[in-house]
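After this come two complexes, each holding chain A, first together with chain B and then together with chain C.
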Partner chain A sequence: MFGFFDRSRDLRTEGVWIAVIIVVLFASLRYDNFLSLYNVQTFFAYNSMFILIALGMALVIMTGGIDLSVGSVVALSSVVAAYASPYGIQVALPAGLLTGMAAGAINAFVITRMRIVPFIATLAMMLGARGMALVLADNKSVSVDWTSNFTKFGLTRVFGVIPWAVIIAAIVFIAFWVILEKTTLGRRILTIGGNPEAAKLMGVPVNRTLAITYVLSGGCAGLAGVILASGFGAGQPLEGLGWELSAIASVVVGGTLLTGGVGSIPATLAGAVLLGLIFNILNFENGQGQISLSAYWQSVIRGAFLLIVVVLQSNKGGSLFRRKAGQPTAEKP
Partner chain B sequence: MSESINTTTTAKESGKSLQDLIRSNGTFLALIALIVINMLITPNFLQLQTLYVNLTQVATIAIVALGMTMVIASGGIDLSVGAVMALSGALAPYIFLSDFGVANPTMGLVLAILIGLLAGLVCGMFNGFLINQFAIQPIVATLVLFIAARGLAQVLTNGNLQVFDNPAFEFLGTGRILGLPFQALAAVVLALALSWVVRRTSYGRYLLAVGGNPKAANLSGISVNRVRLLTYAICGVLAGFAGMVVSAINSASDANQTGQLMELDAIAAAVVGGASLMGGKAPIIGALIGACIIQLVKYTLLANGVHDAVALIAKAVIIILAVYVQLNRAE
Partner chain C sequence: MEATPVLRMTSIDKSFGGIPALSNASLTIRPGEVHALIGQNGAGKSTMIKILNGAYKKDAGDIELDGNPVQFGSPHEAQLGGVSTIFQEVNLVHYRSVTENIVLGQEPKKFGLIDWPAAHRRAQEVLMRFGLDIDVHKPLHSYNIAIQQLIAIARAVSFDARLVIMDEPTSSLDEQEKQVLFKVIRDLSAENVAVLYVSHHLDELFAVCDRVTVMRNGQMIATHDIADVSKIGLVSEMIGRDANQIAKAGATGFGHNHAGGDKVVLELQSLSNGTSVQDASLIVHQGEIVGLAGLLGSGRTETVSMIFGADQPAGGTIRFKGKPGAFRQPAQAINAGIGYCTEDRKAEGIIPGLSIRENLTLALLPRLASRGIIPRATERELVDDFIAKLGIKTAGMEQPIRELSGGNQQKVLLARWLATEPELLILDEPTRGIDVGAKREIQALIEGLSQSGLSVLMISSEFEELIEGANRVVVLQEGKTVTTLEKDNLTEDSLLAAVAGHVDVAAE
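This part shows the complex of A and B:
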């Protein structure tokens, strides 16, 4: 569907969109209120956080890296945003965003200057940011100032319909899409992911490009933290556990390869939406009361779902699904 | 392998400076430094009680870290170990508490432990299968069980604690042999055994070859898939064992908490111990020392009244420093 864009041409991203459409059709026929304004609003308001971190993660993964710290960074910046909430959203939002970007900058420093592999560097940040969040918050959630306009940000809707969180996610989505498809930075990101040695020889500023992607990923996590704090009325140092993994799952479900070099921003969005839909549907199914799936079954189903998707997308399992096998990084410009 | 080559070359160079010595035994020296620091600042550090507490707690990290080191040596990673711990830790009590287990206590206990190990084996083989068969990257392939295995454990126990009173099973976590905690001895024995396997068996050679360069290994006739399958299976079994130890320590299985974040501790221990995420290095004894360092740092901060959260930050700094020092050593 979006395959006509330059950079996505190596990927078959139709599958994930078709899956989204099928799931939406199924759910809207089965559940009365599925397409209600309320459900759509809450779905996107809640999932905007996951979409944000998945988008940042997508850029990092396209360079061939990984960012395991995003879940903790969400928690850290939600705490910072909560502390800044008395000064209003105009201060709290930049504060949360900058916290995330700072964490990303430290990741970038450790990866590009100390030459430590992204997995370990961001694993350490995952622990460090969590620790920092707990220290700042003194081990408990930090309630926000309800008198300022901070919580309004989480509760009011633009034009009475669209939650602010969704607007932010949409802006980031469009920005990243343009960056990837239309700018030098986007081309550099994919070149580095495709072949770092060749990229260096071609004169691509590898370190600077890598640094930008980690800072952007941190920034996305920072924004998600602000949304978390304003939407739930508290900075939550213990929230975001395992979010990095659902972000990775969204990116992978969207067809972006962990080896880097190829990827699609719209398909990442679709991946995040698809994972969110699975949750949403399980909730509706429980609400109908015919079968009652405990939260525990939900994790089993999520795991099984992830299994099906990754098997279908793998070279072997997806020969019916994918155009050509065995070309993950081969066809780079 | 490269570890031992490293030390021999250092030994050969006649003018071996103190710096070289520090570099080639960095992990071990760091552990000794930690112990010395503790003797100076931590009250009551040199007491048997302290030793017991630390040995009891470090054993599970160490056991999982051994398997993780093998997997990392193959060029992979296993995120599912914590969830597998929860599964095996819940499965074993489930069996010896069942009607059959109560009716035949001995048989029930043996079966419980065997099935606990078997669950770990099956999970590990499942990971290996996904990675081999579908060429899925290890981090994604093991993510499946990371999510699903804990879910299965929770479904099995309905998310409740299974409290039990079974001295024979509790021996896994509270028993002592020659005055030392059983699980700590088990960790040491397993480490020695695996270290022997890595150094002396063809599987060990293959493992390092597969991790170092899978294509070359394949061309030289090594069955890369079989080596990988076995490696993930070993990691799964060890995680299953560790999960049962945790249940035995608590006299209860807790599917929600057992093994939570253990994958991170295990990776950290392996990396601090000298494993390289690029594969091809299996410092088994290093992982053991790495686990001790992780545990001792945690204990030092705790015993000196430092905030739990600060311990997380300290752990992060230690991981980065350890890897940084090793990188420079390699260059």
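This part shows the complex of A and C:
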């Protein structure tokens, strides 16, 4: 059904789209205000941060790597952006973006030059960037300058409806999609993830390609940090805890394999949206007053949902399904 | 009266998604015999094996082991039941010790804990049966593939196997190691353990098997005593063509009778990498096919990876098109006009998650793309062209490459390099693990390319391929060029003598 998104990628991404559709249908029938302009705006404005880091994470995971530092880098960038806010968005945004890219560049250096596995390299950055954010912010929120145009950036709506954060996420989404489907870089990312040995022997510049992906991932986290600071009116050194795991979850829900070599940008978007929707629905449910779930329970439910989608998308889940329907399992000879 | 067969498979049917893979297939194996199962890729050999060892469930038919009906639920159950399988790629735990690999699943216990001294003794005993005296405490990966394979066989036999299935056991062995394996097989047979031997290499069957069963299109074509058949006869049964026709065409797809040009394309002088290559020299003229022969570990692959810039030489010179100097990276070699089809398709060739289209254009990408953007239409046109030219059998260019047969994968990889229009194509075991039909096609293709002026440096362990295909064969021994055999004195005997050198093959 959604095959045109993933020509040749040979992925099972239908599950995540169907889940998104079902959840949206369910919620729009159950809650009056679910499809209201306000809810849709708030939803995407908030989730644009998660979409951004999930997109960056998707590219990294497609190379067979992982970037555990994005949550901390969001926090660090938000602090830097808050400090730069008196100079206006035109300075604060590049400052946050460059902070993220710098963190990504350090990751890239450690991974490609010092030959440290991505898990460890980015774990170190996760700790380092968090510490750096706390040091810079002196362990408290850093208020943004309310007189500059920085706060306006968080509040203004393009054409009166679309938040700037959403525009940024949309641009990155389209750019990454084009990169993956149409460019040498995208092809190289998948080649490295699929078979690093073969990639080297085909003249693929492995280190350069890996470096670019980690810098892009860091850049995404940097943009998310700018959005965070402008949206909350403060640089938040303690925000972004566990966000890297949400990003990984979005990528996995989107059908991208953690082993690398395959993956889909649109399905990653769908994965991030799906995880956000569950959160959104739980808020509505609490708002109706029938049940009251604490944030802790929300996390449990999100975890369960993640597992269900992933199992449905894996081949095992598929065959589980088919067997229930009374058909023999298909094996490949 | 004939003894009860160790295995009797009767009227086995199996289909995948409605497509029959086996129909009415039967196989009988006598106790202690070495029974070959041959057929082209897709003939149903692996399906037959997998049904026997419990990896697949049969749709219909009966399996009897020593006269008792059996139905194994998994290869492990089959192993406990007396049927062990040695897979093509060694299927052991690389980072654990040899002992652990052998006793895994049947560890000797003392007070509920593993009795390590006893385990090491047991492992040592099992290996000694095959004349393998190695340190069983060392991790498996510290030994070469041949020894790992013997360890896998030792493990199989230690389960009191009645029947050992070997799927292409020699694919990573050199001539000498093969002889060791054959001896082990004969020992097994002497101990009344039957062997089901699956191989593409017909020569091996005549060396070690008692009987042979030929499969084609999921059916059993015939079973012969090995003494009653000829190689040509078996090939014709496998591919279902007339025997005379094959005899005329030779044993390979090569019919080499053209000489190369005078222009020197590649020249190596005393090339060395400091370790496995010491003194490699060779010359490739334009339009020539030059063979590179040698045992495993003779430095063939290491030599070509220096030519391609994947490794750096420590000494000696490389001249490509007259220009001296080694390439620092494969990308430079590709730009200069060299293509390199690696030995191990799976590990170093295909990108499994990508489509045929994407795999095919990988080496060409820098030239195909403008400012990093790949022009989709041009790319599709190019891929279409190669699929047609090379006769790649596929459901379409968007099919993932891993779904193709070995022969078609290899054609895609060849196309990957041909697309870059190289002047020198390095082929490392271009037809390994490919069925007979596709093999001949690929050989004919290589021949055609060289006739149109492409220079080819071909590493091969198949003597037929070298003898019929190459203008000249350079023989390496322990990283040194020991001799170069010109077309005139290139025979099976001269090649064997040169490759084996002072190593006495017959002694094993």
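Methods note: the second predicted complex is superposed on the first by the 313 of 333 C-alpha atoms of A that agree within 3 Å, B and C clash if a C-alpha of one lies under 4 Å from a C-alpha of the other, contacts with A are read in each partner's own complex, and residues count from 1 in each chain.
Operating definition for what follows: a residue touches a chain if its C-beta (ideal position, glycine included) is under 8 Å from a C-beta of that chain, and two chains touch if they have at least 3 such contacts.
Just so it is clear, the structure is predicted and the values come from calculations on it, not from any experiment.
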Legend entry - Which of chain B and chain C A:Leu190 touches, first, second, both or neither: second
Inset, instruction - Determine, for the superposed model, which of the two partners chain B and chain C contacts more residues of chain A. - result: B
Legend entry - Contacts of A:Gly261 with chain B and chain C, given as first, second, both or neither: second
Legend entry - Contacts of A:Val23 with chain B and chain C, given as first, second, both or neither: neither
Inset, instruction - Figure out whether A:Met202 sits in contact with chain B (first) or chain C (second), or with both, or with neither. - result: second
Inset, instruction - Figure out whether A:Val91 sits in contact with chain B (first) or chain C (second), or with both, or with neither. - result: neither
Inset, instruction - Examine A:Phe119 and indicate which partner it touches, taking first as chain B and second as chain C; both and neither are also allowed. - result: first
Inset, instruction - Considering only the touch criterion stated at the top, classify A:Ser299 as touching first (chain B), second (chain C), both, or neither. - result: first
Legend entry - Contact residues common to both interfaces of chain A (with chain B and with chain C): none
Inset, instruction - Write out the stretch or stretches of chain A touching chain C in their complex. - result: 7-10, 182-185, 187-188, 190-191, 193-195, 197-205, 257, 261-262, 330-333
Legend entry - Contact set on chain C toward chain A in their complex: 16-17, 21, 46-47, 56, 308, 310, 329-335, 340, 342, 347-355, 357-358, 362-363, 365-366, 369, 372-374, 376, 398, 400, 416
Inset, instruction - Provide the residue numbers of chain B that touch chain A in the complex, in ascending order. - result: 77, 79, 130, 133-137, 139-141, 143-152, 154-155, 158-159, 264, 267-268, 271, 277-278, 307-317, 319-320, 323-324, 327
Inset, instruction - Flag every residue of chain A that touches chain B in the complex, lowest number first. - result: 66, 110, 114-117, 119-121, 123-128, 130-135, 139, 245, 248-249, 252, 258-259, 294-304, 306-307, 310-311, 314-317
